[in-house]
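By written order: A, B and C. Residues from 1 in each chain.
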Amino acid sequence: MGNLETITQKIRDKAKNLLSSGQAEVVIGYRQGTIPLVAAPFFARKAEDCDKLVWSSFARLNLANYLPSRKGKVALVAKGCDARSAVGQVTENQFPRENLYILGVPCSGLVDPALVAAKEPRPIREAKETDDAITISGQDFSLDIKKEEVLRRNCRTCSHRTPTLSDELTGPEVPSLQPDDFSDIKDLLAKTPAERLVYFKDLIKDCLRCYACRNACPLCYCPICFVDETRPQWLGKSNDPMDTLTFHLLRGLHCAGRCTACGACETACPVNIKVREFNRVLDRSVQENWSYEPGLAWEQKPPLTVYQPNDPAEFIK
Amino acid sequence: MIVNNPYLPYPVRIADIMIDSPDKSLRTFKFEFLEPEDEKRFNYLPGQFAELSVPGQGEIPIGIASSPTEKGYLLFTVNRTGQVSSYLHNMRIGDVMGVRGPLGHPYPYPDLKGKNIVIIASGFAVTTLRATVVYLLHPDNRPDYGRITFVYGARSPGHLLFREDWQAWQKRDDIDVFVAIYKMVPGWTGKVGFVPAVLQEICPPAANTAAIICGPPIAIKTTQPVLFEAGYKPENIIMSLENRMKCGLGICGRCNVGPEYVCKDGPVFTLAQLNELPPEY
Amino acid sequence: MPEYLVKENALADFFQVLAKGHRLLAPQGQGDNCQLAVVSGPVSLNYANTHLSPKTVFFPQTEKILAFHKLADKPHYNVYQDLGDHAEPTVIFGIRPCDARGLSVSNKVFQNDRFTDPYWKGKYDQTVKIGLACLDPSPQCFCAAMGGSPFGELGLDVLAYPKAKGLGLKTLTKVGEELIKAAKAEPTDLANELKDLEKKAIAAQGPLDDYQTINKRQIMELYKADHWPNTAEPCLGCGVCTFFCPTCHCFDIQDEANEIGGLRMRNWDTCMSPLFTLHGSGHNPRPSKTERVRQRFMHKLKYIPIKQDGIRGCTGCGRCVVMCPANIDIRSVAALMAQASA
């Protein structure tokens, strides 16, 4: 049995156990999607639901997103990034630790369907996977692809693939990658502010303001987002480029130092905007100034939510 | 240029503003059309509403409080709740703005001919019912209808709108008027109690009678059992719904109750109709 | 004879004639980049479908509808002025039959029993709609389950389909007939071929449930069914399904102003947002995502059929199936509705 099947079986067994013992009222995990290359959120409440739970490298949404304002005891199937989001929500008082059971999944990275489509543009009717490869097939073709060739960008720079904090791991730890050096945004950081503005404007030119990025993000739990406020109304509701840019910039700033690079925003975006470019720049800044990474300890607070007299201030000039 | 653009408001001037409640949350606006032709085009009956259009702020749907038998102006009572209504409350006599309508269906006057009508109003939802009474009492219309009963309640005497109107109706013998406040205050000589209690006391027999109810959801909910007890059938209980609206034309999609749009297919529905629909209002 | 043929070597000329006196729009680009755009090079017959539906041509995401100015000393102070319907004579080539059906559904909303939306109507009336039938439906396609067909004609003026050496055409309206005649297509008999190809294309969608029992159930039976909280639970509340849906037509009207004046705009809106129905008083008739998700599926599969003689508000284009970040699949929801018990 491959690693994927072992983890799936472990999740199912543990989920049944947690439900029957009353340690959880719901297990939030993934089921197989109704279309290829997708694993979808699934809420198991009864023993028979649990056999629908799966682990796969298509599990791109971050299920910690479903925690804030939820009542009752929850067991959460969480990759490294997702577990850190859940920890972050606990530290930000969005979910009580005592109601949370993190079923941590050591993750070797998830598949980006856009990269798969780049290799095979024909319609894919089925996708199967082993630990290292996926097999896609369509009307009259079948193709094996190594997973490492089609991993999401954030999975290629992930420095916490095995959940750092969890209540139980569902499989053996996976080896860590090199520490993230932000080399992927080297060119962006080298730009002047004026050039960056041009870059970001172009980045979001297709944005529909559907807010899928925001709604998929476990950090975006505000009861009313600033873009939806009407009194005062901060932003227009049209697709005016300046309003759209303001949305992305402000959302980026609100997430600064809190983002765990789960990539759910980019997964959710229907027009393939690299939403994380905003976060990447800010995450680097927070790491540089405060040596801080979110979701690694139950007690720590995001640096931008607390004030210290010796806070660095150079970056703000 | 678009001919008959249903999104284009008629320009109107604020001719008068009446402060209606002690907390100043209610103001009644009297509008006059800038173009006399527009008044003819604005052909309406009580129960319909219009979008009040404030340049730079947006629109709010408000029931028309005047009757077409009152010529030369339109009346709207506006509760200060959101952005547009707050701005409107600060506008002055003489200011120009827009009115778009009439929208929705009026109360079903042709169906009501020959029937007795009991009109039940709670709070500031009295507006379109005030218009209805004015319309029914007009000499051209009064002979077409049977006995008319008007029941109206509000929190305090200061919260009772259109005082001059109902005081005048009280003096007439072709309408029975019962006006109540919820809690006794010194000097009040009318009825005291919530509308359902007052209605229970004076409810006209159900035979050949239709009831029209307007009020906040809780008042509508508590009034219905009184009518049922008196023998009223759901098809003879007429109500006016409110939902968030934008276009008023049955297109923009937000005011639906099941397949019906409150703006285009309502706002007037019978209880019999609503019983078949999701309670999403 | 309403059927015509354009041979491969005559295609370039054919499209040139279509563009004469019209703006010619056709799908350009591949995959997620495929969009209707003004034709500048050869017209592609090889695409699955446009990323966004063609409703964008008739109902753009943002449209300026009225203008006003706020200077009291100017004429028409605070009086809204019409900005016209922004329509121009247009030919769209390559609308998929599912999307044409979607346009037809929306057309009955924008031109309903009481009111006509002039911005939609202006553009709709000035556009000749040429469909391109689907010989090889995509994996997410289920138009036949929703009462349509890969060769469906509803909402089109002309239905085209790729042939080995050219383009087959069937004209469906007078406007379509005139255009195709002007483009000098050769009259021919394609009736049998059309029938065969349609049969094949429907079969390619596999065995499909048509969810007919939904039609027989009363509104309140479907509404009260107990699956809705579970169905809605994964929903993120974003607007993806509604923005990509060929029949979703909801909009918001907003004034945008500065010190001297402003515009009244209409923008796409989405019933997935709690603000969509929020009353000024704070009351919300659809307070949680259970009500909002139910509304969307009831609207597509029950309310629209009631108002439009059984035609469904879902055309089986499959965009929401692919695009929903939480994989809430309308086919699964329709199946639940079809077996719903209160």
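Just so we're on the same page, a contact is a pair of C-beta atoms (placed from the backbone, for glycine too) under 8 Å apart; a residue touches a chain by one contact, two chains touch by 3 or more.
This structure is a prediction, so every number in the text was calculated from the model and none was measured.
**Q** Closest chain to the overall C-alpha centroid, by per-chain C-alpha centroid: which is it?
**A** Of the chains present, the most centrally placed is C.
**Q** Busiest chain-chain interface by contact pairs, anyone?
**A** After tallying contacts for each pair, the winner is B-C.
**Q** Please flag the chain sitting at the greatest distance from subunit C, going by CA centroids.
**A** B
**Q** Can you work out the whole-Å distance between the CA centroids of subunit B and subunit C?
**A** 38
**Q** From the mean C-alpha coordinate of subunit A to that of subunit B, what's the distance rounded to whole Å?
**A** Spacing between the chain centres: roughly 51 Å.
**Q** Distance between subunit A and subunit C based on Cα centroids, please, to the nearest Å.
**A** Inter-chain centre distance comes to 32 Å.
**Q** Where does subunit A touch two or more other chains at once, residue-wise?
**A** Each of 230 in subunit A touches at least two other chains.
**Q** Check each residue of subunit C and list the ones that touch at least two other chains.
**A** Residues 252, 254 of subunit C touch two or more partner chains.
**Q** Could you list which residues of subunit B touch at least two other chains?
**A** In subunit B, residues 82 touch at least two other chains, as defined above.
**Q** Where on subunit B is subunit C touching in the complex?
**A** Where subunit B meets subunit C, its residues are 1-2, 4-9, 11, 34, 53-60, 79, 81-82, 85, 95-98, 217, 242-244, 246-247, 249-259, 264, 276-281.
**Q** What part of subunit C is in contact with subunit B in the complex they form?
**A** Interface residues on the subunit C side: 65-66, 68, 70, 76-80, 82, 84-85, 109-110, 112-119, 122, 218-220, 223, 249-255, 257, 261-262, 264, 266, 269, 271, 276-281, 283, 285-286, 291, 295, 298-299, 302-304, 306-307.
**Q** Which of the residues in subunit A end up touching subunit B in this complex?
**A** Per the touch definition, subunit A meets subunit B at residues 230-231, 233.
**Q** Where on subunit B is subunit A touching in the complex?
**A** For this pair, the touching residues of subunit B are 82-83.
**Q** Looking at the complex, which residues from subunit A come into contact with subunit C?
**A** Answer in residue numbers: 33-36, 38, 40-43, 61, 65-66, 114, 117, 121, 123-125, 138-139, 208-212, 214-216, 228, 230, 236-240, 264, 267-268, 270-272.
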